[in-house]
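The structures considered in this document are given below.
Shared between the two complexes below is subunit A, which pairs with subunit B and subunit C, respectively.
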Partner chain A sequence: MMTSANDQDLFIAHFDQAKNHLPGADIDWLANLRNNGLSLFKKVGLPSAKTELWKFTSLNPLRKQQFLAPVTKAEKSLSVTDLPRLLDETKSHRLVFVDGFYSEELSDKGLPKGVRLQSFAAALQSEPAVANKLQQNLKPRDLAQEQPLVALNTALMTDGFIIEIAKDISLDKAIEILHFGSGTPQSSYHNRNVITVGAGSKATILEQVADRESHVYFSNSVTDVTLSENATLHHYRIQESNASAFHVSSVQADVGNGSSYDSFILNTGGRMARSDINVNLVAPNSSCHINGAYMLKDDQHCDITTRVDHKTPHTSCDEVIKGILAGKSRGVFQGKIIVHEQAQKTVGNQSHRAMLLSDTAEVDVKPELEIFADDVICSHGCTSGQIDEDALFYLRSRGLSREQAQSLLVNAFLADAVEALQNEDLKDLFLTRIASWLGQNPQ
Partner chain B sequence: MAATLETVEQVKSLEMEKYKYGFVTDIESDKAPKGLSEDTVRFISAKKNEPEWLLEWRLKAYRHWLTMPEPTWGKLQHAPIDYQDSYYYAAPKSNEDRPQSLDEVDPELLKTYEKLGIPIREQEVLAGVAVDYVFDSVSVATTFREQLKEVGVIFCSISDAVQEYPELVKKYMGSVVPYGDNKHACLNSAVFTDGSFVYIPKGVRCPMELSTYFRINELNTGQFERTLIVADEGSYVSYLEGCTAPMRDENQLHAAVVELVTMDDAEIKYSTVQNWYPGDAEGKGGIYNFVTKRGICRGKNSKISWTQVETGSAITWKYPSCILQGDNSVGEFYSVAITNGRQQADTGTKMIHLGKNTTSRIISKGISAGKSQNTYRGLVRVSAKAEGARNFTQCDSLLVGDTCGAHTVPYIESKNRSARLEHEATTSKISEDQLFYCRQRGISEEDAVGLVVNGFCREVLQELPMEFAVEAQKLVSISLEGSVG
Partner chain C sequence: MLEIKNLHAEVEGKSILKGINLTINKGEVHAIMGPNGSGKSTLANVLAGRDDYEVTEGSIFFDGKDISELEPEERAGEGIFLAFQYPVEIPGVTNTTFLKEALNAQRKYRGEEELDGMEFVKMLRGKTKELGIKDDMLKRAVNVGFSGGEKKRNDILQMAVLNPKLAVLDETDSGLDIDALRIVADGVNKLRSENNAILVITHYQRLLNYIVPDQVHVLAHGEIRRSGGKELALELEEKGYADYSGEAA
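Then we have the complex of A and B:
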């Protein structure tokens, strides 16, 4: 077994190789930020089983890989027809990232009004005012101990998307972002994304992670979200990469007065996928929904870790996560709701339900309530089990085959998490994904 | 926000509430020198006339203890423990010459019991309870022993058991909680001074409820109790444990170990009412209660049930657990934990499902008031072979006042698809509607809160044996007296 010092070495070497290629090399504040990130990462290293937040998710398979530094863009040529698309052009405006780098030629042209879309690298190369604004929107995180991969991202952030939505804009098109793996083996990238939504605006951002063929790569992305007053952001993500890919993502959203952050994550791909979602409800009447579903098979591993900080009175959060586990897969859910002392009148509900379809699957759950205010209503619920035999019998007694009945029940189980989505197109899309997964993996 | 203001005031008065059982009995005692070293361990062992193997075991534990880190994962804050600042052995002087009947018992002791409100003779007759009083680590009076002997039940102090039933002790001690389990259990293994030993032979239903009253009496004396209960095939026993402690200034370390073993079709019901001194209004001087309690359902269809009412101690660190090894075995955990003032409780359970069709049930009720922190921390683990395992967990927290905290940290790990696990937790304050309803029917606010809290805890309190339920209800009301309405 490799020691933790060796684990870090690869990524520290990446930094040395990449530092002259990283965007914004001549910007002082950025250089400082990167150096801070690197020294923190050096100090803490990759999380191990002893890191409480990574207790159930081992990075050992990742440690065995020899990833390449995030230096050069992929050479493989791609055309738009090679790429999957979730919503058609009339319903979404799409940005495309190939192996972590923004591709202008593959992305849609013509911007929706009131929106500024830019790649992270381009933003750093534009005039200082833009770059400095970016500085404000990169959120300071508690990088110590538990978040070494955020620190690593900070050191190595190469590209990403910057989405700025002005005041009082209601977007009729969704903004779709495709993160596409072109098939470059052992590539690694650390995208840094920034989303800011102006007062009174509404937007839907839809991220898709997909790739062309089976290959090993490592994506470590960090997204900083800021919602000012009375804004609504629907942030939906679908991760359906090949079963050899490693994905680690961390979203931190600060939600302002009267605003709502609505997140949904559908996870079917990857060898290992870890999604951290941290929401700060920093002003009264802010709220969030963190919903999601995962469907796993073979030796896939999916970890959804959420943390909601209720920092002021009259805030609410609602989480519903559902999981289906087949093969030797392992599902992890860790959800923390923290109600700070001054956050009276908080409502926080959380539920995680898992259905195990095989004898070798495993689910580990750690829902946490940490409450320092008294006038609150908080709850969490977790269940784990298999398909209800009674329900199965009922359906079979009405002439359905065992397969049909099981499929129907699993579908219904997952659909519950999707039902809450307000966007009908996306609801259909997710339901189709669930149905096709079940079609490919008959139970 | 009038209600909130009132609550704040009530909580304030709660903090001032004096500890009812705060008094010190003056008995000259036979102490080991202050501090912890191999010599201390040897002193204790020699004092107790222990066989070589036990001394070796203690020393092994001591040496291992030196290498172990302090557990830091609990949501607890306290100054580092100075292990050299405690006495590890204190026995009432009359130990060498044990009293054969109550008449021979030191009158000072009897007075102490009277102050506690448990007149010893009355209790014998009244409750049908055999009490193995543990007074400063050494058992001084064992009642009903003869009667129990008739049916073959062994109920004695663990020191006696070491002398009289060394084979049983050797076989089971450390088999559930190995000495290296955690730092506190390890310390206990090295320096445990006394405790209870119970053996229920095959097919015997213990004719009475067994009970031990623990009481810390000497200043600066850590209490290191060790309890071992073995229920052989088809037997049943209900064991009660309760504690009160006198007022003092320095923090006291209490690291107990309880081990339970059940064979086929056997059942152990273990109930605790814990009311150690919680410290003063600033949280100074309370007991540090680090307890390792674990039971193993070794046989088929066996059952272990833990019930606890935790109202005392400055710090409670305690996770009564069940290892469900035998097929169809059952584990239960019922808990009420009340914290106020500056108390900190981090308590919960572990249910480890290994056998087929094993069932566990966890009901935890946490009530926090004042400036206290109350955490439920639990683990439900289903191994791959535990076909048809079933768990139901319910953790409810009630907050009284806005300066306290209530936390829930459950871990749920399932490796078996046929396992059905359900966990639910809620946190809220006392419902204004319920209080209003009671008040408009002429019930005073204090009584109304009492009613609501009682209702909140009822599921757990009703699991207690009758004699204990009364005491527990009293404790609950004492804890909340003057606090909330």
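Then we have the complex of A and C:
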């Protein structure tokens, strides 16, 4: 294994190459923020097996790559017909990012009432008031040694989406965001996204990660979410990039009084995909759902790491994650629930269930409950197992082929997680994705 | 219809069936009775083609065709149905979906045209009405949260929809109270015809009060020790299996 000094060199060199053309180079607070991020990253380096939060997810395949430094704009031009789309124009307003950069021409025109959208780069280049407001919405992450990739993102953040939803707005269309890899090999980018939802508002943000062809690239995104009072955000993500891509993402959501952060992640793509989801329930009656499903094959690796902090009384969280693993794939789930001392009447439930379709697939789980209050209801459960042979025989004895029977059982296993989705179109869409994955992967 | 000759089978290397001979003709109802561990359930599973049950000798002919190497779904397509001692719960799959997929898979196997949604639902409604099964059972996930009696009725419904040539009822009476037993037996009797056959496997005689067999066979130590008419069941009820407890001479 290479030493950690070597690990860092590539990305430190990226910073040196990019620093003069990164957006907002003349903004002092930003320069400080970037420098802080960089010095922390220099100190800690890429996470290794010794980093507690990364002990099941090795970045060695990523270390072997020679990624190129972030550029200032997407190099390839695409037409809208090259792009996949989840929901049609009547149901979503779509924004497009190509190789990490916002593309105004590929995005839908106009914006739903009550929504402000800017690209991260544009926000930094507009008047100081806008840039300074952004400063407030970038969360002061605890850039401790567990989060070196967030630190790296802070040093190199280039573009991303800034979505602001005014108060008392109920969006009838989803905001769909496509993150598209155009096929530029060895590209790397660090998106910084900000979502703020005003008091009493409701919105659905749907992110899709996809690409045109098989190529190696590295995307390291950070998303800061703030929900004001009585707001609801449905944040659904589908990661279906090619099997050579590396994706690391970190979402931090602060959920206000009476608000709900409802998240779902469907992961089928990538060589390696790590999703950190951190939710702070900072005010009474705030709640979150962290649901998801992943389907892996060959040597794919998917890691979902969650942390929910119950910081005040009367908060609740519910997590249901399901995984299907074929081939030599590996799934990781780490889920931490922390109930702080003052957080009485907390309800927290967490479950992760995995089904292994081969003898060579592996799943590692680490559920953790840290409870400092005494009047709480918390549960967690993790199971992993093979497909149920009795059920398989039962179905086959009624005439279904082995493949049909397996597909029916796997579908049923995952559908349970998808059923929780509140949006019928997306429920259908995700169920279709599951069925087509099963169709392409006879177990 | 079914012709079993000198059938030997083992499970995990352990010999369980040691030379079964049994012939069942169209329109007949046969009962196999025997003490625990005699090989009754093994016979049922071997007929249905379960993977872990290995036929080591002998043959199973069904409608003149050797089926001993066929997969379970192929046997189902040929017309063999196994009603399980413990029907399996399948969360997330509704009864209707399951029945439709199963029936169409069998029709496809036989080279028949698959039924579309409308045709299927119409046929299904007819069957539930005939068996007195409530429609809400169709919307529920297969056997999930069903009582023991409901699970067995669900198996009977599957049998009615799939309309097999040979139904094997593997201890279908276990775990049923007398009312449930009667309902299940009524269902089976409704499906009896001169074109199909039924093999009832049971430990107790009581089920045979409701499903009256043409022939009764006593299975012990992996062999059929005695065959006779329905009065044999009554004799077993009275005397128990003590006469059959020893190894064959």
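Keep in mind that, in the parts below, the second predicted complex is superposed on the first by the 441 of 443 C-alpha atoms of A that agree within 3 Å, B and C clash if a C-alpha of one lies under 4 Å from a C-alpha of the other, contacts with A are read in each partner's own complex, and residues count from 1 in each chain.
One rule holds for everything that comes next: a contact is a pair of C-beta atoms (placed from the backbone, for glycine too) under 8 Å apart; a residue touches a chain by one contact, two chains touch by 3 or more.
It should be emphasised that the depicted structure is a prediction, and the values quoted were computed from it without experimental measurement.
Trainee: According to the contact criterion defined above, which of subunit B and subunit C contacts more residues of subunit A?
Mentor: B
Trainee: Scan A:395 for contacts with subunit B and subunit C and give back first, second, both or neither.
Mentor: second
Trainee: Examine A:404 and indicate which partner it touches, taking first as subunit B and second as subunit C; both and neither are also allowed.
Mentor: Touch partner of A:404: subunit C, not subunit B.
Trainee: Between subunit B (first) and subunit C (second), which, if any, makes contact with A:422: first, second, both or neither?
Mentor: Neither partner.
Trainee: What is the contact status of A:412 with respect to subunit B (first) and subunit C (second): first, second, both, or neither?
Mentor: second
Trainee: After the superposition on A, what does A:344 contact: first (subunit B), second (subunit C), both or neither?
Mentor: first
Trainee: Please write out, lowest number first, the residues of subunit A touched by both subunit B and subunit C across the two complexes.
Mentor: none
Trainee: Inside the complex, what are the residues of subunit C that reach subunit A?
Mentor: Listed in rising order, the residues of subunit C that touch subunit A are 48-51, 71-73, 75-77, 81-82, 84, 87-93, 98, 101-103, 105-106, 109, 141, 158, 162.
Trainee: Considering the complex alone, what residue numbers of subunit B touch subunit A?
Mentor: 4, 7, 73, 384, 397, 399-429
Trainee: Inside the complex, what are the residues of subunit A that reach subunit B?
Mentor: Against subunit B, subunit A makes touches at 52, 56, 341, 344, 354, 356-386.
Trainee: For the complex, give me every residue of subunit A touching subunit C.
Mentor: Interface residues on subunit A, with respect to subunit C: 388-391, 393-402, 404, 408-409, 411-413, 415-416.
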